[in-house]
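The structure is given below, and queries will be raised subsequently.
Think of it as A, B, C and D in the order they're written, each chain with its own count starting at 1.
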Amino acid sequence: MTMRIGLIGAGRMGKVFAHTLAFSVAGVQLAAVADPDEAAARDAAARYHIPAWFSDYRRMLAEVELDAAVVVTPTGTHAQVIQAVAAAGRHIFTEKPLADSLAGCDAAIAAAEAAGVKLQVGFMRRFDPAYLMARQKIEAGAIGTPVMFKGVGRDPGRPSLEFARRENSGGLILDMGIHDFDLARWLMGAEVDRVYAEGSCLVFPELQEVGDIDNAVINLHYSNGAVGNIDVSRNALYGYDIRTEVLGSEGALRIGKDQLTDTLVLTRAGITHDTVPNFMTRFASAYAEEIRDFVRCVLEDCEPAVTGREARAATAIGVAATRSLDEGRPVLISEVLGGSLWKKQPPSASA
Amino acid sequence: MTMRIGLIGAGRMGKVFAHTLAFSVAGVQLAAVADPDEAAARDAAARYHIPAWFSDYRRMLAEVELDAAVVVTPTGTHAQVIQAVAAAGRHIFTEKPLADSLAGCDAAIAAAEAAGVKLQVGFMRRFDPAYLMARQKIEAGAIGTPVMFKGVGRDPGRPSLEFARRENSGGLILDMGIHDFDLARWLMGAEVDRVYAEGSCLVFPELQEVGDIDNAVINLHYSNGAVGNIDVSRNALYGYDIRTEVLGSEGALRIGKDQLTDTLVLTRAGITHDTVPNFMTRFASAYAEEIRDFVRCVLEDCEPAVTGREARAATAIGVAATRSLDEGRPVLISEVLGGSLWKKQPPSASA
Amino acid sequence: MTMRIGLIGAGRMGKVFAHTLAFSVAGVQLAAVADPDEAAARDAAARYHIPAWFSDYRRMLAEVELDAAVVVTPTGTHAQVIQAVAAAGRHIFTEKPLADSLAGCDAAIAAAEAAGVKLQVGFMRRFDPAYLMARQKIEAGAIGTPVMFKGVGRDPGRPSLEFARRENSGGLILDMGIHDFDLARWLMGAEVDRVYAEGSCLVFPELQEVGDIDNAVINLHYSNGAVGNIDVSRNALYGYDIRTEVLGSEGALRIGKDQLTDTLVLTRAGITHDTVPNFMTRFASAYAEEIRDFVRCVLEDCEPAVTGREARAATAIGVAATRSLDEGRPVLISEVLGGSLWKKQPPSASA
Amino acid sequence: MTMRIGLIGAGRMGKVFAHTLAFSVAGVQLAAVADPDEAAARDAAARYHIPAWFSDYRRMLAEVELDAAVVVTPTGTHAQVIQAVAAAGRHIFTEKPLADSLAGCDAAIAAAEAAGVKLQVGFMRRFDPAYLMARQKIEAGAIGTPVMFKGVGRDPGRPSLEFARRENSGGLILDMGIHDFDLARWLMGAEVDRVYAEGSCLVFPELQEVGDIDNAVINLHYSNGAVGNIDVSRNALYGYDIRTEVLGSEGALRIGKDQLTDTLVLTRAGITHDTVPNFMTRFASAYAEEIRDFVRCVLEDCEPAVTGREARAATAIGVAATRSLDEGRPVLISEVLGGSLWKKQPPSASA
């Protein structure tokens, strides 16, 4: 059986997913693509042999027979698009983050649950071999009990100013840190309950004009007493720099890839190797694996590896850390969850 | 335009190529597969959606409309199969080595030239990013003039005894070393003119019963005075170990990949990482790239990146090194080329 | 001219200094040693050929002709000992930290200044080649403007419970972090103005009984907007783990030594190397260099490389971070400096 | 008891030994120094507080009460100096190589044995922690049975032309390779019985004028069937490059130090670290350890760690490899030992 997939969003990341779906995932057919930018939709259709394209994803959902949709629209639209896809009864894979607010997360989760469709969120790092090995080693007890989490998340340059606006990207901490907040829960097997952030705009002053910063550090405190810290930056001009570390009672794990090509150059100037240029290169296989897992989970009707609730939990950490930065004080995760439906009455209980 | 390809050989490496052609190369259609083992041919056809399968590749060549054939048969049959494909007027990509003898190489080259078809040989390392970078750095003068070549080629275990027989594999030096002999020419930009080999059977005594050894070292002397050495082994039980080094008058290059997964495990026992298990893992992208390049070269009617004559030159080094091992003396490359057609009158001159 | 030095303190670190003074520093003579533990004093005298030993350092100061004293007593006694040495008119090299309180720091600094003697504090990392290179690279502009500081400071096991008491060690953050607080100023060329700490006792519950913790993370904010984070831990059971990183507007520096012996072991279990066991091994040459520098600075009558005021500034960060941990809020450095003499009227002004 | 040592030779290496004896070895007194270059002898005496200096080492041996002499004269004079020291009844530590010929080795060994004095040769790598760990791992069976030896020995530049003359240095292969020939025996626990060498003069043409080359590769065959290869070069312009590898039936060991300072520089140009500049830096602690071991062996009257016979065996490999280069054929070690006294009647038998 071939799963028919509609792609919603044909921008930069949309094309990454189109390429992955077209060439690297067995058992799927990219049946349609939608993007308000007609040229982008048409171009993606031509390049990836997609039989139909739309400028309105709602028309696509109405007119094309689909099993699932892959959502790669701007973050601010995620909640709304996901609700529409759920209403159309299609399974949903959405690029991270689930939404730009906890209310958005809640709406998306509720819609998928009400429609009885799968909702998987694109935390692709969980599908990277290095992170998988780390998780397996931890579960196998190789480092004892995890007591400290460390994350480094640095981009090799600033995004467009349009993207950097907090209403679009969610701000540096949420945009860059969301993967680390997810790993902070997934690898530690524990919940963060308090965060504190410091940040500044030091390298790209133009970011300040759109309300963003370029460097931040975030402290984590877990409900079981574990601690952690994360740094995020836009100015790793030497290359895309993603490193993660878990310190346990019996050892530690370090995940990181500093070298792209396995060649060393040795001259009077020293020994040099190249670096990893961007996230697509670093996580190419993980992007394919997460979609393969989504397909498998739809076919076998099982729980997605990264659920909406998991994405919501990571988002809560980011929202709290951003509030900490704004207010200059430690913020409890429970504060930002205060007005949340799930806090008082989890849907699983009301189901 | 889609290139229609017939696959000849559906064994272990045949499946690697089938997988690559089916999933990783744009613009090709795997139109047919042939293998004397009917079950293997049928199984490959099913698994990779190949519309036709044959037990006799000659029937495939006669009955299916093809643009090219990919030859992945046992080395001993290469020359004969290539001649048949050439006679059928199809372009040829053949897995290394070109043939098990210089006479076989000559016959294959002559057949392709007579038929006016492309003949490309599977030295996939030339398409690996690390080796490409090395070559580019050398060409850009980063290490001055190359004066020494070093190659390490070690398998993590012994092959089947059937494969190990010299009439099948060509013996350890030719089987393992052929890639290094090719790199020894390609990276140094110079011709080897003398070799000397030592070898022994020390770890897998059963190899001795089929006339093979498990460890060898080969010294190289180039016509421009450069020197080199290569080691090949079957007992790198810690993992597939391929390293290459070029020392120049102004610096050096080292190519090597020791770590598969970018995770370090730190415990009281030390800091540990995993290793690369096998050549398919190590060179997965290179196998796809070499086929992509072959497709491009057919479409654009240009010289293949790895010609039959290049493969023949690497084979000559292997044949000479094997003779050196047998006779316990340095062997000139000119000795093994003695009876060769090309030696006296290169085809380009007679054309 | 040979400088005559008296060693005050013959415990674990005292012996490290005795060894260094006896074997690795030219131009000095270890003229006497004092320790309230007579056996320790006598033993050090015998082992390092020191002509005189005392159980009371005040008698040593009174009876032996000395140029300088090296103070390696428990932290809680530093201020008092330093005042006595200064009163005796001898130059002072003191192991870090300068004192266990800012008031102690102030008293020690004032005493040395009043007596006109040199006061150098043992931040040996500044004399390690890796840290020196980092500082030079930063000064040379290799990474542009520093915008983020990262420190990892982890011991391979817990100290004695006696030592761990806050009145002795100052607590985990001050004891382990003091070197990082010094580097955080020295490498960044900027002043920390706010800190926030999280910490827990998770691996060695017995530490809790003496009021200490085993893991902590500390966020730094600098007055120029730069940020930083530091982690300290007692449970790096895989080895002494000291890593430092400076991210700048044009690049980054990483300092760290994970491997003690330059040997890799490659087996089916992976590729493994050993780790650095302890600080004496890691910083052996730095301990010698800092003393050599002290000797040079006395002989040439110049400013010590690490002054009392520098040590006081690092201590202030540690005191503030400890207060942050205690009070669960960000703490300004200016808060802990509130009652300090220097804050209002720096001694240089009153001199 | 303090061992009184006379230093014979105050050139470049002589000063390395003087420094080591003066500052890094307990229980010794550098009682005198001799060098035909009076200025050098006087300068060393002044710099290292040596109470007496001589231009004639024979006078030193006659006039100064010594327990032992450290011989650091030009290689060509070793045999004669060692015989004189032995005749004077002093223990002998000689810098490598033992002599420039096998006859010279025999004479030196015979003289020491006749006089009943210790004779230790300066293969300092055996005292380097990385090599010691490798040897221990091999003895503990960590890699099974050793089957292949690999050595890289490269200098960062050419020596003086005067030194390079074969009558002074022994030629590139003997001069650079002698340490590798020693390791090839020590780590493998087996004897080399055949060698084959290729070499050229490609980077420093002026070396050709004094009869030397700048790059060579040497194949090794052991009497137990193991194999090996070594490369030596003068043009590792990127730094002093010494790497050793032992491949066994169950794993492998790699010894090598590529980085001097534990600092990485990360910029747009890649990730870079420095290299090891020279042998004194690389093996500083090993030079001290070998002398400490010599002192211990004299005091405890035990067999030196590196005997004259061991040095002679390494020299034999170098002599054979040089002959192989000269004659263009594999050379048996037994050929070069043909005229040797020890070959037919080992001294241990005649004793």
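Keep in mind that, in the parts below, a residue touches a chain if its C-beta (ideal position, glycine included) is under 8 Å from a C-beta of that chain, and two chains touch if they have at least 3 such contacts.
Note that the structure is a prediction, hence the values are computed from the model and not measured.
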Task = Go through the assembly and pull out the chains touching chain A as well as chain C.
result = B, D
Ask   = Taking contacts as defined above, which has more of them, A-B or A-D?
value = A-B
Ask   = In terms of CA centroid distance, which chain is the most far removed from chain B?
value = C
Message = Nearest whole angstrom, what separates the Cα centre of chain A from the Cα centre of chain B?
response = 41
Task = Would you kindly tell me how far, in whole Å, the mean C-alpha position of chain D lies from that of chain A?
result = 58
Ask   = Do you know which chain D residues sit against two or more other chains?
value = 237-238, 250-252, 265-268, 274
Key: Touching residues on chain D, where the partner in the complex is chain B   = 144-145, 147-148, 150, 154, 194, 196-203, 214-221, 225-229, 231, 233, 235-238, 241, 247-252, 328-330
Message = Quick check on the complex: what are the chain A residues that touch chain B?
response = 23-24, 26, 129-131, 133-134, 137, 142-143, 250-257, 260-268, 274
Interfacial residue positions of chain D with respect to chain A in the complex = 237-239, 258-259, 265-275
